[in-house]
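Presented sequentially are two complexes of chain A, the first with chain B as partner and the second with chain C.
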Partner chain A sequence: MLQMIRIALRNISRQKKRSILLGSAIAFGFLVITLVNGFTGGLLKTTKENLSHLFGGHIYISGSIVSPLGSELPMIQDSFAAEEAIKAISDRVASVQYRSKTTGTLYFGNKEQTQKLEGVDFAAEQSFRTNIDISKGSLADIDKPGSLILPEATAKKLGVEIGETLLYRASTVTGQQNIGEFTLIATTTSSSVMVMDTGYTSKAYLNTLIGLDEGDYQSINIFLKDVAEVQTVADRLYSNLASNAPVSPRISADSTSSPRNMSAMRSSLMGMNQIVQVAKEEQWKGTKFSVTTIEDLMSPILSLLSIIQAVAFLVFIILLVIIMVGIMNSYRMVMIERTEEIGTMRALGVQKSGIRTIFFTEALSEAVLGTASGFVLALLIGGILSLINFGSGSFLSLFLARGHFVLQFSIPEALKNMLIICVMSIMAVYLPARSAANLEPAQALRATY
Partner chain B sequence: MAIIRLEKVKKTYPLGKTVVPAVKGVDFEIQKSDFISLAGPSGSGKTTILNMIGCIDTPTEGVVEIDGVKTSDLNDKEITRLRHRTIGFIFQSFNLIPVLNVYENIEFPLLIGDTGISQKEQKKWIQFLIEEVGLGQWQKHRPNELSGGQRQRVAIARALVTKPKIVLADEPTANLDSATGETIINLMKKMNKELGTTFLFSTHDQKIVDLADHVIRLKDGLVSENYRPKAV
Partner chain C sequence: MRKRYALVSLVIVLLLVPMSGIFAQAASAVPDFKAMLKTIDERSNFTGRDFSAKIKMVSEDPEKGTTTRVAKTFRRDRDDSFLILFMEPADQLGQGYLKLGDNMWFYDPQSRKFTHSSLKENVQGTDAKNSDFRQSTYSVDYTVTSWTEGKLGAYDVWILELQGATNEVTYPYKKIYVTKKDQLLLKSEDYSLSKRLLRTSYFTSYAKIGTSYIANSVMYVDALVQGKRTSITFTDISLDNLPDSVFTKAYLERVNR
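Take a look at the complex of A and B:
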């Protein structure tokens, strides 16, 4: 057997051009699927990171109360049930943030810009100062009322400089328009997510603008230690919450959630306060909680990525079938060229299985070498692509990490594709190998081509 | 007991719609350690008979017995094993494996099945054969780097490496000049004497026929003469 493998390996170098061509075809197929998988894997990762940055966490608990006039107001008044539910999952939690938020319009001179603002309790959230990536200005005056941190792109669009004053118009939770004055103290480069990147100000100051008390908040954002656990942890959190307080049905990525509900949830997370009148029989007491996760919000993107991956896999299989036809024809030629050699081996005592082993080993070695080369090429191309800066501020930036594509290569996925190629290569040489093994030695020795 | 026995052996080949008889009913026996020439003109059936004795072809009719075993009673695996253990081949066009060097070509038959020889003994034996055929300096060379005579020496060593009872050589000198051809036959004879291996070779060269202990002459697929030129 070892001798057959040795001969097979030497046969590969015997016809270098043909081996290189076959190997290159396999490498190309593997390169395409690895790049697409790396690209979609990277998209998933960066989009998740960018969205979690935009919405400020992995799991979001939002709340609403019913006003005396029967309107639904987005705020959390009694957080006991939420605190208890979070305690129960504390082993999985990295940090918890209590935020209020709104989306309104910034005015500076004759320019205006829609901007989401989050109210942060800077005294309680010490990690905010260390995590945020400041491009200009400083956080020295962060505790002063009206201090504002804006995304660099927004500041640039408005033409506002550090220390200058801007106006911000937003809706209160009860639907009235209100205007506040803010002073820009710093700009961030940290997320560059779409045009709707987040700005930050003190929670107390923002609350006065949107009609909340100083200590109130609208959402509890939870960062997990491991984002992969987000759905299971969210389910635990939801059932804990449901046992102590009224809850809205879970809005999730599954088909049962209506697009309208998903849209309402996204609007709520963006701070786009919508005033809804609650029918008397549907009204509740205290705070009604909702639990949403980053994956729930990403469901349309996940569907898109799944389609891209499925199409890429189909293209990969079609490419492979074409390559396999090439391999089959090449090995038919190999069989004809080596007929006398096969006859000699059979005459010397090589069993039929030995001849098949030579063919299979050659094909398998080419498949392994081809896939390995394809993988290295994919890493190289991925590395070069990730060096290119595509800039920020466009919709594309949702999928970028600071302007760069991130390609995430999955070893198990690569191994799975490698296995598919190896199995298909074996299938492609099966018929030529069988024909070669079944050659009558005397006839094979007589053959002249 | 005869090491090779042929009884009423016939072989026909289909050629389009007709059937061509290559061997028309051949009987002979070959004794152990003989140096036999299968002589005759082209088309007389030499190669066909050698192929049937070498178990790489089957007779249409009749019995071929190798070392007491009827080849028709064996399946493909058993036939292959019999070839490997009992028979060595030397071909007219050498038929060396191009990707293996001299040493590896000679070693090849030892590595494709159980020969009952230990690895240490195998190496010693291969080295002995390489020296015997005069290729000590060439053992790392591949076939395309050797002359015709050298290639046939490699083939002789390869045929003997499994210590077979029989070596079949189909026109071993046909692709060589007459001097080299004579050297090759002398080398085969030397190995026949030293190792006691039965050598059966086909040729149409009378000078080479004269070197045999036993001559079987064929004509039109039949044995025309079967004699021993000198006492063994």
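Take a look at the complex of A and C:
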């Protein structure tokens, strides 16, 4: 057996040009699928990180009440049910944040800019100071009322500098117009699409602007220890909540969600405090809770990535089929070229299986070497791509980590694709190998080509 | 002693009698402001009829320049419904706002989708709110907290300070200028909850249609961005009855086919 393998490896080196061409074709196919998988994997990872940073958690509990006038107001009035539901999943929770949020307009001089603001309890959220990426200014005055942290793109657009005062116009939770004065103390590196970048201020101060009491909040954001568990944990949380309080149907960003649900999601996550009238028969008592997850938000992106992966896999298979036809034809040629050699080997006592083993080993070796080269090339190209800085202000920035593409290569995925290539290579040489093995030694020795 | 007290009392009574007349006269000169708000509403509403007009909105923005929009508006006050259908500019052709009872939608013919909107939102980024196109509801939404007399241009006016009757009105505080003679609204200042001026509306011209008055020229001036304003003029005003089908989602979809 070892002898057969040695012969097979020698055969590869005998026909260098052909072996290199076949190996390159395999390497190219493997390179394409590995790069696409690495790209989509990286995209998924960075988008998830960017969105969880943007919305401040992996699971979001928001609430709404019905006002005496029948309007749905975005606020949590009684959090007992939510606290109990969180207690039940506490073994999975890394941290819990209580926030208020609104989307309004910033005014500086004659310039205006729409901006989402999150109210943070800086005393309770100590990790906020270490996690936030400050590009200018400092957090020294963060506890002063009216201190504001803005994405640098927003500050640049408004032309506002650190220490300057700006106005912020927002709606209260009941829909009344209000204006607050803020002082810019720091800017953050814009990490995602500008319209989705968040500004931060103290929760107590924001609450006075949006008509809530100092200690109130509009959403409970939960960071999990393991983000992979997000849907299972959210399902548990939702059923716990549903047993103690009214709940909205689970909201997702897919096309099947009703406009009302989408509106609720906008309201709860972007702080767009749009007031909607609730029909009498649909009204509820107390706080009605909604549960949304990072994956619900990402469902359009996940669908897009699945489509990209499916198309890439189809292209990979088509490429492989073309390569396999090439391999099959090459080995037919090999068989013809080596007929005399095969006849000699058979005459010297090599069994049919031995001839087959030589062919299979050759094909397998080329497949393994090709995929290995393809993988190394993919790593190289991926490495070069990830060095390019695409900046932070473009639409792409939602998918970038500090301006760079992240390619996440999955070893199990690469091994799976390698196995597919090996199996297809063996299938491609099966017929030539069988024909070679079935050659009559005497006839093969007489053959002249 | 008793005589002296009787004399003092007589003097006081004699002094108070003419003064009470003055007080009574002064009191009768102050109108019932609650009734005044009701009059303003009644004057500009069309309870028994439908209302339609062509509107031209010219928005000036120091950053974005001047934009002109042309739309048709249809109002049915008895159902608290209205429709605004945009005809210009070309990229907004067919877009519309529809209010039916408690619900309000924005229609985009490009995506052929209705999205929820509200009376509190601005119309297409202008300084006008959706609520500016519905029936007037001053008497329901506000109470008068103080008043003074004054002059606005050549007109003698009542200057009324209003406060929202509930915490769900868009502008919690308003100051309105109402003509003494006809009780027409000439100017309105809209304030935030923190009592900062947000917008001033000037009702520069009125058209009388039957017993109703419609402000056919209004200017909304943004108080936060200098030079940002929107002028709206109403033409082709009609009080003819409109078919019920106008106040439907299907109508917005149909006119875009």
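Following the convention adopted for this analysis, the second predicted complex is superposed on the first by the 430 of 449 C-alpha atoms of A that agree within 3 Å, B and C clash if a C-alpha of one lies under 4 Å from a C-alpha of the other, contacts with A are read in each partner's own complex, and residues count from 1 in each chain.
Heads up, the rule we're going with is that a residue touches a chain if its C-beta (ideal position, glycine included) is under 8 Å from a C-beta of that chain, and two chains touch if they have at least 3 such contacts.
Since we're looking at a predicted model, the values are computed, not measured.
Quick one: chain B and chain C on chain A, clash or fit?
Aligned on chain A, chain C fits beside chain B.
With the two complexes superposed on chain A, say which partner A:179 touches: chain B (first), chain C (second), both, or neither.
In the superposed model, A:179 contacts chain C only, not chain B.
Looking at the overlay, what does A:416 touch: chain B (first), chain C (second), both, or neither?
In the superposed model, A:416 contacts neither chain B nor chain C.
If we overlay the two complexes on their shared chain A, which of chain B and chain C does A:352 touch? Say first, second, both or neither.
After superposing on A, A:352 lies in contact with chain B but is clear of chain C.
Taking the superposition on A as described, I'd like to know which of chain B and chain C A:344 touches: first, second, both or neither.
A:344 sits against chain B, while chain C stays out of touch.
For A:156, select first, second, both or neither according to whether it touches chain B, chain C, the two together, or no partner.
After superposition on chain A, A:156 lies in contact with neither partner.
For A:67, using the defined touch cut-off, is the partner it touches chain B, chain C, both, or neither? Pick first, second, both or neither.
Once the two structures are laid over each other on A, A:67 reaches chain C alone.
Could you grab the smallest C-alpha gap between chain B and chain C in the overlay, to the nearest Å?
Nearest C-alpha atoms of the two chains are 69 Å apart.
Which residues of chain A touch chain B in their complex?
2-4, 7, 10-11, 14, 340-341, 343-352, 354, 440-442, 445
Using the touch rule from the top, collect the residues of chain B that touch chain A in their complex.
Answer in residue numbers: 51, 54, 56-57, 76-77, 80-81, 83-85, 89, 91, 93, 95, 97-100, 108-109, 111-113, 158, 162.
Along chain C, where are the residues that touch chain A in the complex?
Checking each residue of chain C against chain A gives 62-63, 102-103, 114-116, 118, 120-121, 164, 166-172, 190, 192-194, 196, 198, 224-227.
Within their complex, state which residues of chain A touch chain C.
67, 69-71, 107, 110-112, 167, 169, 171-172, 174-180, 211, 259-260, 263, 274-277, 279
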